[in-house]
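Which chain is which? They are A, B, C, D and E, in the order written, and residues in each are numbered from 1.
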Amino acid sequence: MQRIGVFVCWCGSNIAATVDVEKVSQVLAQEPGVVFSTNYQYMCSQAGQEMIQESIHKYNLTGVVICSCSPRMHEATFRKTCEKAGLNGHMVEIANIREQCSWIHKDKDVGTEKAVVLGRAAIAKVHLNAPLTAGQSPVKKRALVIGGGIAGIQTALDIADAGFDVDIVEKQPTIGGKMTQIDKTFPTLDCAACILTPKMVDAAQNEKIHIYSYAEVESVKGFVGNFNVTIKKKARYVDETKCTGCGLCTEKCPQKKVPNAFNLGLDNRRAIYIPFAQAVPKVATIDADYCTMLKSGKCGVCSKVCTAGAIDYKQKDELIEQEYGAIVVATGFNPIKLDKYDEFAYSQSPDVVTSLEFERLMNAAGPTGGTLLRPSDGTHPHTIVFVQCVGSRCDDGRGKSYCSKICCMYTAKHAMLCREKYPDTDVYVFYIDVRTPGKNFDEFYRRAVEEYGVHYVKGMVGKVVPQDGKLKVQASDLLGDRQLHIDADMVVLAAAIEPDETARPLATKLTASMDTNDFFTEAHPKLRPVESPTAGIFLSGACQGPKDIPETVAQASAAAAKVIGLLCKDSLTCNPCTAQPDELMCNGCSSCEKVCPYGAITYADKEFRGPNRTTLIRRMAQVNPAVCQGCGACTVACPSGAMDLKGFSNKQIMAEVDAICR
Amino acid sequence: MSVNEQFQPTIVAFCCNWCSYAGADLSGTNRLQYPANVKIIRIPCSCRLNPMFILRAFQRGADGVILCGCHPGDCHYTTGNYYARRRMTLLFSMLDFMGIERGRTRVEWVSAAEGAKFAATMNEFVETITKLGPNRRLEDLRCSKE
Amino acid sequence: MQQRVKEKALELLRNGTVDRVIGWKTGEFFYDLTPAVFETAEEIEKDFVFSGFSGANLSKYAIAQSRAAGKTAIFLKPCDSYSFQQLLKEHRILRENIYIVGIACEGMLDMEKIRAAGCEGVVSVKENGEELIVETLYGDRTLSRKDCLLERCAVCKSKKVVIFDEMLGEQGDEQETARFDRVAELEAMTPEERFAFWRGELSRCIRCNACRNVCPACSCEKCVFDNDKSGVRNKAAADPFEENLFHIIRAFHVAGRCTDCGECSRVCPQNIPLHLLNRKFIKDINELYGTYQAGADMETKSPLTDFTTDDCEPSIVHERGGVK
Amino acid sequence: MAKLTYSYFPGCTLKTKGKDLDKYGRLAAQALDFELEELADWQCCGAVYPMAKDEIATRLSSVRALASAKAQSRELVTLCSACHHVIKRVNLDVQNDDEICQKVNRYLKLDTPYAGETNVLHYLEVLRDRVGFDNLKAKVVRPLTGMKIGAYYGCLLLRPGKEMGFDNPENPTIIEDFIRAIGAEPVIYARRNECCGGYCTLENKAYAQKQVDAIMDNAKAQGAEMLVTACPLCMYNLKNNAADGLEVKYFTELLAEALGVKENAE
Amino acid sequence: MIDFVKRISGVNPRKCMKCGKCTASCPAFDEMEYHPHQFVDMVENGRIDELMNSKGIYTCLSCFACVERCPRNVEPAKVIEAVRTAVIRKQDGNHLKPDAIPALLDEELPQQAITSAFRKYRK
C-alpha cells in the first residue's frame, strides 16, 4: 500500500472561489492510502513546494497527488519538487481542478464534488504508479547526410561548422545535384553555378566533411544516437586518391557515343568521364555499361594515357561501415517521366523538351554552349510554347496530385530569359493558375509579362503535332473563349517533380514514413517540419516536398540545427513512459510492430523454460526505449494484452475509470 | 427508470494529451462552461484507448463515454488517431449491433485551439445522455426478464 | 475420401515424412470426433477417423506441435487452412516443421440437425453422396446431406485450401454465400429487438470458455481474462455485465484475425450464435474498409493494423441506416 | 500445343461494307494457326457504347455475346474497333457496376448469371499477346519490305485508356509493331490518334473532311505512303472525305498479304 | 435535371479545376457554341437548359480526347452524352428523323455510321 500525500491548491481564488478546498482535502484524507492531506494558497510557490518536500520526509510519502491547475502547466514543476525530496517524479499525479473544474463551474457544491472525484481518480492511479527512470543512451557524434545536392551540402556545411564530423553519401560521381544543371536562379537571375560551386568546394575542403561520391546507403541499423550504417562505394574503376582530374583520359577514350546524362542526353560523352568541369570530387569515372575494356577486355586507352596510374579495371564495390548519431535525408527530386503525356509529342520530336533540358540548352556549359538552338536541326527557334502543370495537379492516374510548386517561377524565368536574349522570339506560356507566393516572386512574374512581353495564356495545350519542321500546337485560351493554333519551333514542358526513386527503398531502410507520393513525412507538419517521426532522422530539401532553392537551403540549415542540437548531447534521455511487453504473454504475432509509427518494436527468438525441463523458443516483441515515444498504439493492437504502457498502464487507466464511475 | 429532472449522468471523457486535453484546458481558461458530469481522463494518444476501458466504464456505471483526439492528420504521433478511428468505428458498430443506444458512445476530434468546440461538444453530449437516461442495457444485457 | 485420409496419415508416418499426425479420433460417441495427435501407425489404425463429423479445426494444434521435435503432418479442410495461414502470418507456427495435407470438403455435419430431423437413438450415420443413411435404434432413415450441414458449411465461404503441401481431392474456389444474411437481419431490427435478442442469447452463457479454447485466433499465450495484470481478469463472471464484456472483447481481439471458421458456435454447449459477433466485425470491415479475408494470404495488412487517411468517422455508426 | 480457338464477334459492318476486314482476318488466322469461331446468333453490338449509366437494353446484346463466349470457356475476339469498344466497356460495366450487373442479368435470365468473366481481345491484341509479333514475323512469307506505312488508330481502340487498356493512348505502338512484323516500316505521326470525324460524316461532311485532311497532311508530311486502320468507319472517312488522300487499307489485308494467303480469297 | 445528368453520366463537375485541357484537345471546337470546359461549368452552375438547346451537343464526336486528357478525371464527353440522352428522351426530342436518313446515304457508308447516328441522336 502506497503512502500518499494529497495537496490541494487554492490557486489564490482561481480554485478556491468555486471549490471548497478545505472540504476537498478533508474528504480525500479519508481515501485508502492517504496519510496526509492539506491545502494551500499557491502550491507552486516556493513555500508550497517546500511544504510538499517536508511532508514527503515527515510522512514517508511514496506517492503524491496534487489537486491544482492542468498538468500541462506544472506537472514538470511538481515532479522536480518531489525528486529533490527523494521521491521519483513519476509517483506524482495531478488532479486538474482548475481548468477542468473551478474555471468551468459556478456552483461551489458542484465544483467541490467534481474536484473530489478528480482527486480520487488521481489517488487511484498513484496507487498503481511505479517509479520510472528514463534511460540514457549515448550519442555517436557524427552525422550522415544522404544526398549531396544543395540541401545535403548546406546541411553538411552547417553541421561541420558546429564542429561535428559529417559524411555525405552521393550516388552520382559528383556532389552538386540538380542545381548544377540549372542555368540561372529566380527571382534574382544570378547564375546557379556561381553560387553553388563555391559551396561544393567548401564541402570538399572542410576537414570535418567526408564525401562518399558514387556511393549508396546499403543498410541502416540502430536508432537515434546510435545508427550503424553500411555504405556501398560503387566501383568507378578509377583510384580516387591517385586521379588528378586532368581529364586526359576523357579526351582520349575511343567510346564517344555515350549519352551524356549530365546534359540529359542532349549530347554525348565518353565512356570515362568527369560529369562537368567543377565536379567535386574532380575524379574520372568509368561507365561500365559502355566501356569496351570492361565489357570485352579490349582497349585500355585510358589506362595508357593516365600518368597518375589511377585507372583500375579490377576495382570492386566496397562496403564501409560507420556509426552515426543522426541521419539527414536529402535525396531530392526528379522530373517525372513523360511517356504517358505524349499528346505533347515529347517522344516524337526532339524539339519538345522538359524544362530541365531547356536549362541545359540555355546554359553556357551546356550542349549548345549557351546559345538556344533547336535540338532537331540546330536552328534558332522563333516561337516557343511553354506548358505548365504537365503531370502536376493531376487526379487521373497519369501524374501527381500535388502542385510541384517551382514550375510557375522557373517557367517565368525561362520565358523572361528567352525574351531578353532573343527579343525576336514569340513566347507563350499556357497556365492553369500562376502561383507565385514568395518574396519578390509575383513581381518577377509580372515583369515577365509587362516588361518582357511574354504571352501568358490561361488555358492548356491539348495536342502537339510535329509536322514540316514545326510543332503545331493546339491549345485553349479560356479567357478569349477560343482555340489557338500556333506553329511553334519549340515546346517546353514544365514536368511535375517527384521524389528520387531511391527515396522509397531508403525510407524502408530507415523505417521513416512516407506519404503516398513517396515524399518523406515530417514529425509534425507545422511544428516539426524538418524531422522524420523516426527519432534521429532529419529531412532536408525536396525529399520532404517540392521546394525551390531558398526554401531548400532554409530547411537544410534547419535540419542541421536540429542535428547539432542532438549531437551536442553526450547522451539522450529517453522518454520514460514507454511501451513494455510482458514476455510471458507475448504471442510474437507482430500486430504491435505493424502499428508502431517509430519502428521501435523488433522481434527476437528467446528461450523459455517449458514444462519438464524442456526449453521452448518463442518469438518475442522487444521495445527499444530509446525510440519509443509512448503513444500506446501497440497496447491496443496486442490481443493478449502483453504490451502495456508505463505511466499509462491498463490497470492505472482502469483504476481512474473505476474511481470516476463508482 | 424514466428520465427525470434529477438524473445526473456519469460521463467519462478520454482526451489525448496533445490536442484534446489542451483543448479542454483552453475551454477552462476561457471560462466556457460545461456540466460537471464530464470527468476527463488523460491518455497520451487516442490510440491508447483500449475498448476494454470503455466497457469497463459502462460496467462501473458510466452513462456515456466520449473519446477526444487530435484531428486526423494532426496526431502528435502521426498516425495514432487513424488507428483509433478504425477501432472505435468497429466497436461502436458492435455495441449498436448488440442493441446499446448509439448515442452513448462518441468520438470527437478537438484540437488544442478548439476550447469552444470542446465545451460545445460536452454540452451536447451531456444533453444526449441525459435524454437517454441511465445506462441500463449494458449492465442488464444478460439478465433476462422474469 | 474418408479412407484416403486415413491411408495418407498412415503413409506419411510409415514412410518417415513425418513423426506425428494431427487428426481426429472418436470421442464418447461416433459423432463426437475430437482432435488428436497420433505418433504411431497402430494408434492411427485404431483411433483415427475422418468423416462428416470431423468438423473440428485442427490448425490451432499446429502451434504447439510445430515446436515439437521432428515433423508433424496436419489435415486441413478449406476453412481450417485459412486459420492455419492466419496463424502462420502471426508467426505462431513454424512452417518448416509442418506437412500440410489439404482436404477437399463437401461440408461437415451437424448432429443437432440430424436429431432435429426427427432421428432419435442414432447409432451411425453413413454418407452416400448427397444422402445420409441414418441408422437408428428404430430403423434406418435417409436424409439429404445438405440439410444436415453445420451452419458454417451451409454458408461456406470457400472451398479453396489456401496453403498445403499436398492435396487430397479437387482444389476449389472462394464462393459467394449468404453468410452475412443473419447479421443483416439483426441490423435491420430496432435496437430494442437487437437488445432483446442478445440478452436472450448471452444470458445462457455459462462462461465455460469452450469458445475461447477452440478458437484458432484465441491462441494467446495467456488470455487477458486469465491475466492479473490486464485488470479484467475473471474466471467466472463476477457480475452479469462481465459476460457481455467477455464476448465483446473476445470478438474485438479477434477482429481482423478471425477467419470465420465458425468453431465458436459449433462448440458452444448453450448454442449461442457467437459467430454472429465475429461476422458483424467482418461485415463492417468489408463494408467500411474494403473486403478482407483473414488468412487468405500472407501479405495483406489486417484492417485493424492499417488505415487510410480518408477512413470514415465513427459517427457513421449513428448515421448508417437512418433511425432504427 | 493445342490450336487456340477464340469466339469471334464480327459485327454488322464486317458482314457488309467492311467485308475485307473480316475476310482477310479469317484467312490470316488460319495461316497463323488459330481459329476464330463465329458466335452463333450474335446481334449488333449497338455500334455506340451506351450513352448513360442507366441504359440497360443497349447493353444486352454485348452481354449475350460475352455470356455465350463464357459458355464455351473462350476468349472473345473482335476485329471492328467499334464492336471492340462497346463490348469491352460493357464487360467492364458488368464487372464493376453492381447495379448494371444485376439489371442485365434480370433481363437476360441466363442459366448461369454473367458477371464479366469473359476476356475480350481485339484481333491486334491476339497478334501481340497470344501469337506474339516475333512469331508472326517468322511466319511472314512476303515481307512488305520498303513500304512506309502510317498506323491510324482513331479513337475507339484507345480511349478511354483506363477502360480499354489497349495501349498507351497518347503514344500507341501496337500497330507500329505490327507493321514492323510484316516487314514494312512504320511512320509515326502525331495525328494517328486524333478523331477522323467519324460520327459527323452523316450530317456534316465538310467538318469530317477537315479532320481527315489534317490527318492525311500530317501522315504525308511524316513520310507515310499508306495508312492502315482497324475501323470500318475510319476507313470510310479516310477514303471518301480526303481531298488528296493516301491509300488506306485494313490491317488484316496487309497481314494476309504478308502471310501469302491474300490470293486465297475468292 | 442537373442531378439526372450527373447521375447518368457519372460525372462530378466539381472536380473540374478549369484548366482548359478538354477545350484544347477538342477537335470539334469550331463547330460548337459552348466548349467542353463550359459544358462542365454549365452543369455545375445550373445552366442546363441552355446546354440542352445547344446545337453543339450533336457535333461532339465522342472521340473521348477530353476524357483521356483531363487531369482531374472529369470526363466532359460523358456530360455531353448524358445531356444528349436527356434531350432525346424528351417528347419529340429526336435530333435525327428516320425520313432524313436516305438523303444522307451513299454507297460505301458503313451501317455502323447509321446505327450509331440513330443511337446517338434518337430514342
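The criterion applied here is as follows: a contact is a pair of C-beta atoms (placed from the backbone, for glycine too) under 8 Å apart; a residue touches a chain by one contact, two chains touch by 3 or more.
This is a predicted model, so every value here is computed, not measured.
Shared contact partners of subunit B and subunit C, listed by label, are A. Path length between subunit B and subunit D in the chain contact graph, taken as the least number of steps between touching chains: 2. The innermost chain, defined by the distance from its C-alpha mean to the mean of all protein C-alpha atoms, is A. Simply put, of A-B and A-C, more C-beta pairs touch at A-B. For subunit E, the chain whose average C-alpha position is most distant is C.
Computed from the mean C-alpha positions, the centre of subunit A lies at a distance of 50 Å from the centre of subunit D.
The mean-CA centres of subunit C and subunit E are about 55 angstrom from one another, to the nearest whole unit. Inter-chain centre distance (subunit B to subunit E, centres taken as mean C-alpha positions): 52 Å. Multi-chain contact residues of subunit A, defined as those touching 2 or more other chains: 343, 397, 463, 595, 637, 650, 654. Touching two or more other chains at once are residues 51-52, 56, 73, 79, 83, 87 of subunit B. Multi-chain contact residues of subunit D, defined as those touching 2 or more other chains: 170, 194.
Contact between chains, as defined at the top, is found for A-B, A-C, A-D, A-E, B-C, D-E. Residues of subunit D touching subunit E in their complex: 11-13, 16-18, 44, 46-48, 51-55, 58, 80, 82, 155, 158-161, 169-170, 194-195, 197-204, 207, 211, 232-233, 235-236, 239-240.
Residues 343, 389, 393-399, 432, 458-463, 474-478, 481, 483 of subunit A are the ones that touch subunit E when the two sit in their complex. Within the complex formed with subunit C, the residues of subunit B that make contact are 51-52, 55-56, 58-59, 72-73, 79, 82-83, 85-103, 105-107, 137-144. Subunit E makes touch with subunit D in their complex at residues 7-10, 27-28, 31, 58-59, 61-65, 67-69, 75, 81-82, 84-85, 96, 104, 106, 108-117, 119-120. The touching residues of subunit D, when paired with subunit A in their complex, are 162, 168, 170-171, 188-191, 194, 217-218, 221-222.
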